[in-house]
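Please see the structure below; I have some questions.
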Amino acid sequence: MKVIVINGPNLNLQGIREPEIYGNLTFEEYLKSLQNMFPQVELSYFQSNIEGEIIDKLHSIGFDFQGVVLNAGAYTHTSIAIGDAVAAIKTPVVEVHISNLAKREDFRWNSFITAHAKGQIIGFGLKGYQLAIQSFL
Amino acid sequence: MKVIVINGPNLNLQGIREPEIYGNLTFEEYLKSLQNMFPQVELSYFQSNIEGEIIDKLHSIGFDFQGVVLNAGAYTHTSIAIGDAVAAIKTPVVEVHISNLAKREDFRWNSFITAHAKGQIIGFGLKGYQLAIQSFL
Amino acid sequence: MKVIVINGPNLNLQGIREPEIYGNLTFEEYLKSLQNMFPQVELSYFQSNIEGEIIDKLHSIGFDFQGVVLNAGAYTHTSIAIGDAVAAIKTPVVEVHISNLAKREDFRWNSFITAHAKGQIIGFGLKGYQLAIQSFL
Amino acid sequence: MKVIVINGPNLNLQGIREPEIYGNLTFEEYLKSLQNMFPQVELSYFQSNIEGEIIDKLHSIGFDFQGVVLNAGAYTHTSIAIGDAVAAIKTPVVEVHISNLAKREDFRWNSFITAHAKGQIIGFGLKGYQLAIQSFL
Amino acid sequence: MKVIVINGPNLNLQGIREPEIYGNLTFEEYLKSLQNMFPQVELSYFQSNIEGEIIDKLHSIGFDFQGVVLNAGAYTHTSIAIGDAVAAIKTPVVEVHISNLAKREDFRWNSFITAHAKGQIIGFGLKGYQLAIQSFL
Amino acid sequence: MKVIVINGPNLNLQGIREPEIYGNLTFEEYLKSLQNMFPQVELSYFQSNIEGEIIDKLHSIGFDFQGVVLNAGAYTHTSIAIGDAVAAIKTPVVEVHISNLAKREDFRWNSFITAHAKGQIIGFGLKGYQLAIQSFL
Amino acid sequence: MKVIVINGPNLNLQGIREPEIYGNLTFEEYLKSLQNMFPQVELSYFQSNIEGEIIDKLHSIGFDFQGVVLNAGAYTHTSIAIGDAVAAIKTPVVEVHISNLAKREDFRWNSFITAHAKGQIIGFGLKGYQLAIQSFL
Amino acid sequence: MKVIVINGPNLNLQGIREPEIYGNLTFEEYLKSLQNMFPQVELSYFQSNIEGEIIDKLHSIGFDFQGVVLNAGAYTHTSIAIGDAVAAIKTPVVEVHISNLAKREDFRWNSFITAHAKGQIIGFGLKGYQLAIQSFL
Amino acid sequence: MKVIVINGPNLNLQGIREPEIYGNLTFEEYLKSLQNMFPQVELSYFQSNIEGEIIDKLHSIGFDFQGVVLNAGAYTHTSIAIGDAVAAIKTPVVEVHISNLAKREDFRWNSFITAHAKGQIIGFGLKGYQLAIQSFL
Amino acid sequence: MKVIVINGPNLNLQGIREPEIYGNLTFEEYLKSLQNMFPQVELSYFQSNIEGEIIDKLHSIGFDFQGVVLNAGAYTHTSIAIGDAVAAIKTPVVEVHISNLAKREDFRWNSFITAHAKGQIIGFGLKGYQLAIQSFL
Amino acid sequence: MKVIVINGPNLNLQGIREPEIYGNLTFEEYLKSLQNMFPQVELSYFQSNIEGEIIDKLHSIGFDFQGVVLNAGAYTHTSIAIGDAVAAIKTPVVEVHISNLAKREDFRWNSFITAHAKGQIIGFGLKGYQLAIQSFL
Amino acid sequence: MKVIVINGPNLNLQGIREPEIYGNLTFEEYLKSLQNMFPQVELSYFQSNIEGEIIDKLHSIGFDFQGVVLNAGAYTHTSIAIGDAVAAIKTPVVEVHISNLAKREDFRWNSFITAHAKGQIIGFGLKGYQLAIQSFL
């Protein structure tokens, strides 16, 4: 089973930004422990700060993958285009957010992705990615 | 580890309503399979159609439980009082919804519970309860 | 043919509150005259000020009744849960309101029940219950 | 007792539009069966697609009629002027809608007529006209 | 100098509706006293309950008149089309309302006409027509 | 192939109003050049300032026409009834607006017609009618 | 008969600001011509840029005056307190605005004064004051 | 004089929740000191987390009590039904809130009770109950 | 203990306006009875219709006073500046309103003061001032 | 005459996505038939999922092209920046949408492009591109 | 070159309020250092808590000054009248705010002044006044 | 001291677009004069029309720069992601806009950047960049 994790804008800062809080584990390193938890899954990873590159990647998932774990970051709240891309592809997409959006600004409560996703998991920190992969098993 | 699943209004109809779609597995029966998946967890179950009884139950969780899985059904969208109860107790609460709320009426997108919960899981069907228990481990 | 009339919060005050205006006929007494008008219908009656008990009653209607006349009182405007219960059962529900809601506060114009009901009758006073039963014949 | 039924825009298509659904009974024919149900009532009928002609007709009801059954169609939601005409005349007006407006677009939920009407009956199909006449007896 | 008074829907009821309040002076009779007050003005009068006929009349004003006094009644609040007609013709239009709209329902506070009118006069009762004619002198 | 052009309120002023801008070509004259461009189409024309007459005309299109080009003018933004008429008939309707509505007042951005039309063409001046006819070929 | 004209903020600039447009007639000079038009009226004048001083003046009108012509300028749209003062005194108040507020920013369309005034006159330039005094005769 | 204090949802946690902040005085204990302050008043107490039970209690107040001190907790903001019950009974009701609602979430600023209450007291902590009783003397 | 009562716009009319309703007790006279009720409190009084003078007074309270009772009248709903002044000073401020604002226009429900005040008391008539002083003891 | 067609996000999926519905004609192939229809026009094509690349392309149109046919896809509803680019260049831009946006989600009804475009054509499927090119001739 | 700094409500508290945060430099003292930074500018200063006095001062700037630095404090968000005064005078006005309004309550984000000002500078603390003067050089 | 100027979409057109208005000074040339004004500052420049590239650049500022002057153009109003990037980095960011946004469309008044910026400067034309650099000194 092949699953890809796609991270959106500013998520490349994990491990660099405020390491005393978030730890100095980069997302790439976290991905390794995730891979270890799910030996039956072949994990890929993609990150971009560019909305259109996330769309390109979603289009290319096509035949090879059985699942997408998508944390579109701030584009979640503004990108109808990414939502359309999720709707257009057949691979099921699970939406993840690290923080509990309901505790933040109002404009983070809207999501253009959820209505087209298999499900949404928010607020569990990095563990949310683990639960998302679990949901494909 | 003790975890309680609390279901709100109309969720007692599971297994009775439209069995050709939802199966004729009642929630009580599903709970047994859930218990089997997590032998290390002592599972309890409570269901009520009365808002205040859900509040009473949340208050009584107190010292004995390490986690609450709460699907408050339609009260999610209207009950500030249940949200306050979740905020008042120390046991972490994970919010679950069976259906993908983003595909339904606008008034189901609001939740008075999420901001006080540990996390939210929506859209995975009954599997959402499993992921919620997983999140406590 | 069996029909049940379900009244929501504060409707138990009929006949007690301001008798010089509403008369000192209690709803139970009015029900008798209603029963007399429709000898072919077996009428039942249920009133509760508790939202969840109205849901419980709707669930229990099940096989025995051919119609529900529901005046959910103020819960009409706030209870998504009662609306869901109306949607969940198969017995047709007719929504009745004694007063003309359009002449009252704005927040009484919204109804979470109508979209799931067979029809809605408002503003005819107690006669609305009679028209509702008529609609089942 | 004299009662007039007034139908607004597009309601002249009854019996012509989608006869497999609505039947090929025109409203004029349905009116005959209605007349038969209420031999004690002298029924009249008026239909117009022109807002101002409905106002003219309401003004002319004057002394001869004891009741108006008004289905203003789509003008219900946009015509303050028809609402004013209903308020201006002394003959009681009962508002009827064939379909359940709560299941349709949001803009059909508003009515400029209800606040000035004796009552409102929606969602019962053509039977709503029968209930409306019943309400005058 | 030629001035025309155009009255919209329901204003034909003046003198008939509630004569103990509004007097039993019809608008036609009031018009005579108005004519007497302004011997130098040649007054015309037009009333219709049909939106499109008011538009037709405004179009036809053309060359003969130096002023229009327009009380479009309830169409004031809903008719973009009448507003466009006022904007399209060259004869200056003064908007009059008999009652003080600010004391009535919210939906009467909007006017599609004012922005295209020479001025607006509201709340002075029938005397508003006199002030409007005064404004042309 | 028979196509009818229906124009709504104030569009009868074309060629009269501000000829230095719009030219002194009346719509009737423009229609002739349109007929010349499409010899294979039998063109009809109808204009009314009365909302209900536009509805009457749409109803009567019935069997004879293969297409309607509808510029409902200001009724576009306020007439649910015309929108319903477009939805009720089987002949495809193309909505045209001469000016670019997005450059004008906010209330001109709403249309009750588009959702029931085959398509919408705005901003091309009189050429929009030509494109609309083209769309039927 | 004694009438007072009360002008609010920035109206002291009349005759100074943009004289090529507004003329170089100060409001005090205009007042003289107004006095000449109405020899039977004893005219007073008060202007202040301070909201509370306008309230003080309205309170002091008391017994001596038969009418107030009030142009509260921009305070019209923001001052509930001046609206309350107009409601509190017995002398009738006529609201005047020089410009056509419907042609300006949206926030100028609201008035906290109109609902408590005898009437409102807008858009006639300085002539509006003359019409207002006329309305008291 | 008989006065009853009615507390709504989550207010049973007083003295248990965060005792270092709120003290470990339960509301029942606080009630004793309140009774001592007002020896001339016979104090009763009722608490429920169930909306309908609060309505039941309000109905039963009837003849025996001269005043109700009502802190409906979170139901204040969502329960039209409790507001209706307050409006239906003759005993005057004073609304109390412990915290300053204006410092909290927006949805706590709305109250369905105030318009039917004798008065409202918010933000004084437990002392608000004392002021409320004072208001009946 | 020194406490000052500050009254805002139009509150100087107490005792003059509608004496048959409000009595002919001026606020100054009422203040005397208030002083008698609380011999241990040294009461001062300030009233102004000018927003900025209320701010000036609040600034000057400084060291001498232990409490402010503030009824800012209509400025309550529009003056962010008075709210800021309340926030800036250290003396605790209790907000009082004589009437029940929830029964009046919508725009009276907003308060820029409450969030910065110690508490708010509304609807008790003049007795509200007494309760406010009581709250400082 | 040189015209360029610019397609935005997800429009590269034409011919791949759901071929049983949309056909397996890619947009590139459709472009060829379009070129054949207009031999007098030199057609170019550009597609990107990246908002900024569409802006870059619009800037570069400059001198060589006489017309742009722009279907910005979902960016239509969110990109003020593309709207600004359309406003900045001198080449006329015609906005096209394949589907009838009025039948879809509310957020697709807004367009940041139309106000700066020559015209807008929606709902005609791929034929909309043909009508757009027609509009330049 | 003559420049005047005008400060609105509560800004007179600078140096007195919370000196450990804002320092105990009064605005008058800060003004001296500002004067020293710009020896080529003749600086004046005006502060008032009264809206109308700020308007009076703006009117009087007239001929003597080349620039106004205006921090209208909380009146920024509520005073259409001050905005009108800024628009009425010819001297350019630069709007300054000490704090970053975007980090504060929503109602501080609106400004009735900016649209009429030369520019706006917010969030730089007292340094904002220096940048504003710089902008005139 | 190192400062970087980052310009967003369409700002690359400076000097090309409407040179008779904006001059034919490109931003690169203007930057030279800016460098001359501040010899103590080492200035860099970056422009992109791609949202994600602006985020990438902000991330890379890291250790080398003491200040960022950011004009995100139209992305200011739509990009939560750029706002997040500004919040994530430690280098202080000053937001600049050339035009006075308050004079333009409503949707340009919102900024997702200001709340995370050191300050905001709008409306001073190109001089705003100079003031921004000044603010770092």
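We just call them A, B, C, D, E, F, G, H, I, J, K and L in the order they show up, numbering each chain from 1.
Methods note: contacts are C-beta pairs under 8 Å (C-beta built on N, C-alpha and C of every residue); 3 or more make two chains touch, one makes a residue touch a chain.
This structure is a prediction, so every number in the text was calculated from the model and none was measured.
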Shortest chain-hopping distance from chain F out to chain L: 2
Same-site or different-site touching of chain K by its copy chain L, using the half cut: same
Chain pair among C-D, G-I or K-L whose interface repeats that of B-C, sharing over half of the contact pairs by residue number: G-I
Between chain H and chain J, centroid-to-centroid distance (C-alpha), Å: 62
Distance between chain centroids, defined by C-alpha means - chain I, chain K (Å): 30
Contacts with two or more other chains, residues of chain A listed in rising order: 50-53, 78
Chains grouped in pairs wherever the two touch, ordered by label: A-B, A-J, A-L, B-C, B-H, C-D, C-H, D-E, D-F, E-F, E-G, F-J, G-I, G-K, H-I, I-K, J-L, K-L
Contact footprint of chain A on chain J as seen in their complex: 8-10, 12-13, 17, 48-53, 73-75, 77-78, 107-108
Residues of chain H defined as touching chain I within the complex: 100-103, 111, 114-115, 117-124, 127-128, 131, 134-135
Residues on chain I engaged by chain K in the complex (per definition of touch): 50-53, 55-56, 59, 78-81, 83-85, 88, 112
